[in-house]
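What follows are several structures.
Shared between the two complexes below is chain A, which has chain B as its partner in the first and chain C in the second.
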Partner chain A sequence: MQRTLSLRAGILSLALLALILLGWQVAVSGSARTEVMDPEYAALMGQTATTGKSAMPGPLDVGATIWKHLKDPFYDRGPNDKGIGVQLAYSIGRVALGYGLAVLVAIPVGFLIGMSPLMSRALDPYIQILKPVSPLAWMPLALYTIKDSSLSAIFVIFICSVWPMLINTVFGVAGTRKEWLNVARTLEVSPIRRAFTVILPAAAPTILTGMRISIGIAWLVIVAAEMLVGGTGIGYFVWNEWNNLSITNVITSILVIGLVGMVLDQLLARAQRLVTFPE
Partner chain B sequence: MALFDNPFDARRRFARGGCSCGAHETQAAHEAARPTGDAAIERAVEATMMRALFPHQAERRAFLRSVGLSTAAAAVSQFLPTKFVAEAFAEAGKPEKTDLKVGFIPITCATPIIMAKPMGFYEKQGLNVDVVKTAGWAVVRDKTLNKEYDAAHMLAPMPLAITMGLGSNPVPFAVPAIENVNGQAICLANKHKDNRDPKNWKGFKLAIPFDYSNHNYLLRYYLAEHGIDPDTDVQLRSVPPPEMVANLRADNIDGFLAPDNVVQRAVYDGVGFIHILSKEIWDGHPCCSFSVAQDTIREMPNATAALLRAILQATAYASKTENRKEIAAAIAPANYLNQPVTVVEQVLTGTYADGLGSVKKDPKRVAFDPFPYESFAIWTLTQMKRWGQIKGDVDYAAVAKQVYRATDAARLMKQDGLTPPEATTKTFVVMGKTFDPAKPEEYLESFKIKRAS
Partner chain C sequence: MSKLLPFARRAGRSAPATAEAGTSRMSTSEKFISIEGIARRYPAPGGTTTTIFENLWLPMRRGEFVCMIGHSGCGKTTVLNILAGLDTPSEGVVIVDGQAITGTSLDRAVIFQGHALLPWRSVLGNVAYAVSSRWRKAGRAEIEARARRAIATVGLAGSEHKRPSELSGGMKQRVGIARALAIEPKILLMDEPFSALDALTRGTLQDEVRRICVETGQTVFMITHDVDEAIYLADRIVLMTNGPEAKVAEIVENPLPKARDRTQLHHAPGYYALRNHLIDFLVTRSRTLRDAMPEGYDSRHPPTVRPSLSEADAAAIAAEPPAKRA
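So, the complex of A and B:
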């Protein structure tokens, strides 16, 4: 039963894909009416204007572009033109730094806050206010105070991905079952040992959930931040291709961004499964 | 207060009868005691800044009395450009730093800055320059203020705005070279093909690249001359150039006055047509500038001078029409403008499709003339004041002289065997009206539609 279900789901997925691609191809293949132009004039105009070809690329164009990028992902032709692999590496590096910092801050701080109901209540309003702030709202402030655009991008990732982890850690730590803590107290376990052997395993699934939400946010933020500060990274790549009005490349990068985001998410999902325990 | 009086003196009045400071028996004796030379210009800049900070005399006097003279002078000079770059552009010496970063926005205005890289003008000066594409004007400004860029491509009014602290902290900037003159156009959506009279443009949504741009001032000027009040009759939006074509296609805007390749790209993609070129508003108007912080010039005078030499040489090369095709091919690739070559070529050679079905030929569509005439800055300042971006009195000549480094450019051009113009100011004609840089206030007075009181 389980096998046939996944088989059927797979077939349905593929059918949907085929349907989407087909619909896409049909939607863009029609050509608009064009006026008759004299050849000298037409030579100066783009295809959209001369042949009425849709400005939206079809799946075949996108496929060709993806292939072109995959064939040579690591080229470097000066500071403003690098392969998609190089751009991804820059973005992932920035996310790793900003997100790593956020983990280092959010989990210990979350632990401390979670163990004290007083702190938990007192800090809650601040966390709630800072949590929903958009990354782009932080950007001007970061650029102004840090005075370095790549550090600003990392700071923005940090500040945006720290909150879900912090909240989840607090929640997980505060929600450790009373019985377990009482058992630890009865056995006269030292506070540090209690934190690592009782609270941490108990809170781990919730913490990992927070980390998973955060990595998604970090990956969302990096694209926006790089579009703004420019220079390198997949966000800059999107901006640069938008500048060229190359929808084909923009679609390509949307796919790539989605793919990398999924991989990052799945990595943390794996980790989450490792620490989950049956109640 | 006379121009060269000490503006930090609380007792001094801006308007006066007799000797303005009270320390001299007659006005003649007062005048004789005034500073001269560079000190005089410095004092004039200080006075302008104090006027801008404290448009009301009572406030200025109260401020000076309450904090004391020296504190006020220190506080104000800390963030106001009262010291001069003076003789910073020294004789050709060894550059203090050879790895430089120059920011640019991907439009054809940046041609000299960009082409100097692939065509080896920087290299010839012994510099290793990275030209870095940047996402928008505000980001260029911030990265240059942060010193991430040693110099940058900015809209010609931006260094004036930055120096005076409009829209950012006041940081003294310099424009040692203009990049291009002309080369912009008003582009309208195809649906307005039969609506070419600006008088009928009430309710239009028009885009400009930035608030502090000559595009903004030229479009406002053009509209106002046709009886359209740019603040109330139409909506002007600041939109980064790359987004303009997309917005025009999406019907979010009716048109824009934008830098080129953007305009030509709209034509190329069949979404808009060229209503008029900006040279039909003011033939020979400056658009973009090569801008450096005055601090940077002071810190590394030789490197900035070498950079400027490369820019001046590149501009001279670009000013010859026979070189334009070669330049178009050099700057169109993804590393620079990232545009189809034919679009860039149409802009630079001036043989272009106008979007209405005909091929136009105008070799002067864009021209390259590096000389930063002070009168350009004065005109820009009159328009900033006209539309309420600057409040209070402006010492046009002093600010212009401080930011637009015509004298420095002339000296470097001479050293390099180029011929600079004789004078650092000139009169010019904007839509049939002559602008005399010596009489900015009268010019401003002559407009019917304006925000300045």
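So, the complex of A and C:
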């Protein structure tokens, strides 16, 4: 039953894909009315006006572009012509750095806040105010203080990833069952050992949920941040290709961004399954 | 019919039916645990304080199995938590083995009502966690050997690598018992350990606990709601009046022989006398005694009671050969 269900779902997915691609192809291949005009003016107007061809690329054009990128993802021919793999590597690197820093800060700080009701209450207003701020609003402040656009992008990733992890760590740590803590107390377990053997495993599923939310936000934000700071990265690549009016490359980037985001999410989902315990 | 007097003197076997007012006191050297005048108060709304209990005195001998019975809200769990060191009394001290307790200790193991197993650890992992906390410098092999031995004691050999979620309620509580026994505590504290189990499982686990405690001479303090459980397991049964401001109304000595068979318990001489006494207490006297303690009540030396045997009981004991009575 389970198997036939996934089989049927797979077939339906493929059918939908075929339908979308077909609709897309039909939508862009229809030729509009053409006008007779001065050849020099026609050259300025582009193919839409002269031959009736749609400016939107069709699935076949995009397919060809994807194939081109896949064949050679890592070339580097100067600042404005890097392979999509190189751009992705820059973006992933920034996310890894900013996110990694956020993990290093959010989890220990969340532990301290979660274990102390006083700190929890005292710091709550700050967290509540800073959490809803769009990470891009930090960008000018970061550029002004750090004076380096690439580091500023990393800082923005850090600041947007830190809140969900911090809040979930606090929540998970504070929610450790009293009876488990009492077990540790009656066994005279030292505070450090208690933190690692009781509180951490008890809070791990909640912490991982926060980490999963954070990686999603970080990957959303990196594209926007790189559009602003420029230079390298998949966000810059999208904006650059928009300036080039290369819609095929923009569509390719959208697919690639989605794929990488999915992979990142799945990695953390797998980690989450590892630490989740049935009760 | 047995006629029960509330304050019967601890009666010798030769004169089972005598009933006289009085108390039997434990000598200082006999006291292994001594609860001395403890109180627990909580702040109540309106700036006042609620006293759960105060001036509570209770001595226990080494190797004794003491059950505490009382209605909800009389502070039984608080007393146990204070003994465990998980809670501190507002007044008074608890002395164990000549020393006032200041917190939790590996000498006092707790079996929690809700088993409190760590769900991310296996059965072996849970017990080994306790063992490695007790013997911090012990090698991995020794820890595992001790843990396996404790698991085998409670009859769970073969389930070492199961997770708590894969176990039934009774098996989980067995692991809880194994974890407590594995650290070889001086005192075992049990907070209604079997209340969440079905009657059949509860019975088997009571047998196991009784066997283990008799074999090892374990000192046990246990809280229960179950009169039959107290009769089967306890040497002495502490009766608490209703809270707040609960008191130790009396300490009932269990007249049943130490060698007990659960299936034959209700045929034992004195069983019904004891059972009726306890039920009467829970039904009426726990309430009336709270309102007015009898004259001469000394909370420092709560009266000790040994329910007097009925004439039929006495005759049964007299008919029995003396060798069997031990």
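The rule we apply is simple: the second predicted complex is superposed on the first by the 272 of 279 C-alpha atoms of A that agree within 3 Å, B and C clash if a C-alpha of one lies under 4 Å from a C-alpha of the other, contacts with A are read in each partner's own complex, and residues count from 1 in each chain.
We adopt the following convention: contacts are C-beta pairs under 8 Å (C-beta built on N, C-alpha and C of every residue); 3 or more make two chains touch, one makes a residue touch a chain.
The structure displayed is predicted, hence computed values, not measured ones.
Clash-free side-by-side placement of chain B and chain C is the outcome of superposition onto chain A. In the superposition on chain A, A:F277 contacts chain C only, with no contact to chain B. By the touch criterion stated above, A:N182 is placed in contact with chain C alone, chain B being left untouched. Of the two partner chains, neither chain B nor chain C is touched by A:D72. Seen from the CA centre of chain A, chain B and chain C lie at an angle of 140° in the overlaid model, rounded to the nearest 10. More residues of chain A lie in touch with B than with the remaining chain of the pair chain B and chain C.
After overlaying the two complexes on the shared chain, residue contacts for A:P201 are found with chain C alone; chain B is out of touch.
Across the superposed structures, the minimum distance from chain B to chain C, using CA atoms, reads 51 Å.
Interface residues of chain C facing chain A in the complex, by the touch rule stated above, are 84-86, 104-106, 108-110, 112, 114, 116, 118-120, 129-130, 133-134, 163-165, 183. Per the touch definition, chain A reaches chain B in the complex via residues 35, 37-38, 40-41, 43-46, 48-49, 55, 77-81, 140, 143-144, 147-149, 227-231, 236, 239-245. Chain A contributes residues 177, 179-180, 182-183, 185-189, 197-198, 201-202, 275, 277-279 to its touches with chain C in the complex. Touching chain A in their complex are the following residues of chain B: 106, 117, 130-135, 139, 142-143, 146-148, 242-243, 245-246, 249, 265, 267-270, 333-336, 338-340, 342, 346, 351-353, 357-359.
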